[in-house]
């Protein structure tokens, strides 16, 4: 079993305009930088992107926004992005805002073959409008549906040719659920290792969820809010 | 009248030993600086860490270790990293003992509005809707009035809601208030603030019973 | 007429490169011994392993490494361990390419009964109901008739169902059959078995079109 | 934060007759041996036990069955146990059989605050009787509800005093979901380690789900089906 492809170009083969993509990451942490660059080059457009955030103006999904390749964003939080704001206010960009936990659960459900589930988040708010409500344990819940995507694109720390992945720190975030929910899942990793090097007991994403894998390069890993404390002298 | 930092300081007094606590962006974040030394709490950040530590020293920032505010952080010994689904399983499953978050408006029934102002750019609710819909113990940390001097403690929220009947307590620059069936119940006054000032600044139903003590910081 | 091992051998011919395969208890387990050398498959066991290897050598059994049949196993290089929820996420989410399981009865619409006989001790369905309800590609491996000589390929199952309209193919000691809208379609005969014998042994609707080749093992 | 208790006796404090317990393990693999022994000693009865299996006659939950401490079993498979069979056929023991994947998902849902979800398993069978059916993607699904328990009792390989756990091999199985779903979760571990010894990146059960932890002793780890292959000479 060998799911390796040469690079981002080969990995993104078959991604076409008007497709739905899931992209892992929280803010700029754990985003698939190589594939995003490739999508810009590839110049596909009309994309529906499911991603917790939409990058910043000059980085991450912001790069696709600048080239107007995205038709619709499905996210929980989309601040820190002027071009996003401009396109949204002008009506060029559709935006579907989803509570973060529901977004995570909907991706998980998509990957796990659970077409719908009840969750309390959003009851009594705009998010609940038009959704089925049911009471459990004395509390109202909304029926939420599973999300899937034509391609899921995730970024991991290490992976092997079977597609087994491990993530580092909070760069994990949405990547594991999105890996499950892609009809085709592409994993870019900082380091490709030999099968058996990853301890079977400690793999975050089993390879069965991944169809293509490659070792990315030139990771910038931009920090959005560099916060530090002073050393006591 | 309390500073934002003092609001955080007052809320820190609510912390109990061995609690798991989720702190929202803004005033709530400051609470971490005021945890009593004899109280041991673990901070959760909903992007996927339990046991969040202080900001890193300069040069030790790790792009792969951030909090839900996208700030670089550190991890305490015994910390755990997990994915977003697991993180919200903790939240939705009511494993978090206390959630503190900011608000634009709170109603006297415990409704909260903190994510959207019609006509302005909407950034999104992030994890706030999951947190307020699930948490059993929610404290709102905010200024008593907005920048135009209007009360943020209302009979009904005017802004789009984040959650309904969920807030249990509000700590503002003027007062500590519980939310009861009959409205905001005044528990404590900020130093130097009178009950009359609080009454004037509160648009929602306010219950004042007996002597209202001044808070101790 | 095929032995159980030969049924497994025939099904092994269906395996395609890079498939993830879940094998049930009984005849399906034997398939692992017949994987063509040029075909690379990964076996999943629903108690929580992907990349299950052969039984361990004596003295190397690990009580913490078993398959869904509770047998001691080994793990192949590149194997992964996971919990039961993740395991069934793979199954329910249709990430498994092939599921092979035994059956007491199969109907000509693809219904399957393999977990319960009224009046007898019911041991439970284990993972079978999840597997049959979710898998897109299900092959049943079984004897064509039961011990009393009655056909197990029926118009309607008489036993309580495990799943409805889910089986795609049946391989028995007599034949290979696809399940189509119009019933069992005979694809291959076991060596030395005639179409008439198969017709006689099949109670459900049987479609025989043209020459039926003998299977090659 | 220190969730350590001295032993199984202290860990099981508060478990009373007629309570609902979840017990981790698959077959005899990954079962909480120490707590089961303690439950036998404690002589609580009328228990509802949620566990994938019911042990064998002389080991695991079979020990509780022999003393007739269990009123009801909620399981997916209960073979290999003569006393179980006798009690079930005589009507002394209630048995609720649930598809294994639904059992896992229902425990997960209980821990994750999702009161109900749709799953395809069991449609058209006895399991589906009386349950709400809804079609998604052209396929029928059943509405299944979350499971929780007064106490969940899990067995892990290593743990620290915060309750963080890691499991070994397929002894993981149902333990992580049950740990999430207990109102009080007890973890018995083969080895208690200091906080920080477990890599934060590779913890299977975050401590937030665990209320009590202790280092168990004398693990027998009985093998149910010892299968081996011959060495080629």
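In this document, chain identifiers A, B, C and D correspond to the written order of the chains, with residue numbering beginning at 1 in each.
As a convention for this text, a contact is a pair of C-beta atoms (placed from the backbone, for glycine too) under 8 Å apart; a residue touches a chain by one contact, two chains touch by 3 or more.
These numbers were taken from a predicted model, which means no experiment stands behind them.
Listed here as common contacts of subunit B and subunit D: A. The interface holding more C-beta pairs in contact, when A-C is weighed against C-D, is C-D. Comparing the CA-atom centres of all chains against that of subunit A, the greatest distance is found for C. If you average the CA atoms of subunit A and of subunit C, the two centres end up 36 Å from each other. The geometric centre of subunit A is 33 Å away from that of subunit D, both derived from CA atoms.
Distance from the subunit A centre to the subunit B centre is 28 Å, each centre being the mean of its Cα atoms.
Shown for subunit B are the residues in touch with two or more other chains, namely 49, 75, 81-82, 88, 91-92, 134.
Among the residues of subunit A, those in touch with two or more other chains are 105, 108, 112-114, 119-120, 167-169, 201.
The touch graph of these protein chains has some other shape, matching none of line, ring, star or complete.
The set of touching chain pairs reads A-B, A-C, A-D, B-D, C-D, using the touch definition from the header. Subunit A makes touch with subunit C in their complex at residues 1, 108, 110-114, 160-162, 164, 180, 195-196, 200-201, 203, 206-209. Across the interface of their complex, subunit C is touched by residues 26-30, 52, 75-79, 85, 88-89, 95, 97, 99-105, 107-108, 119-127, 157, 168-177, 204, 221-231 of subunit D. Residues of subunit D that touch subunit A in their complex: 105, 109, 112-120, 134, 136-137, 141, 145, 166-169, 201-202. Residues of subunit B touching subunit D in their complex: 18, 20, 40, 42, 44, 49-51, 75, 77-82, 86, 88-96, 134.
Against subunit A, in their complex, subunit B makes its touches with residues 45-49, 54-58, 60-73, 75, 81-85, 87-88, 91-92, 111, 116, 121-130, 133-134, 160-164.
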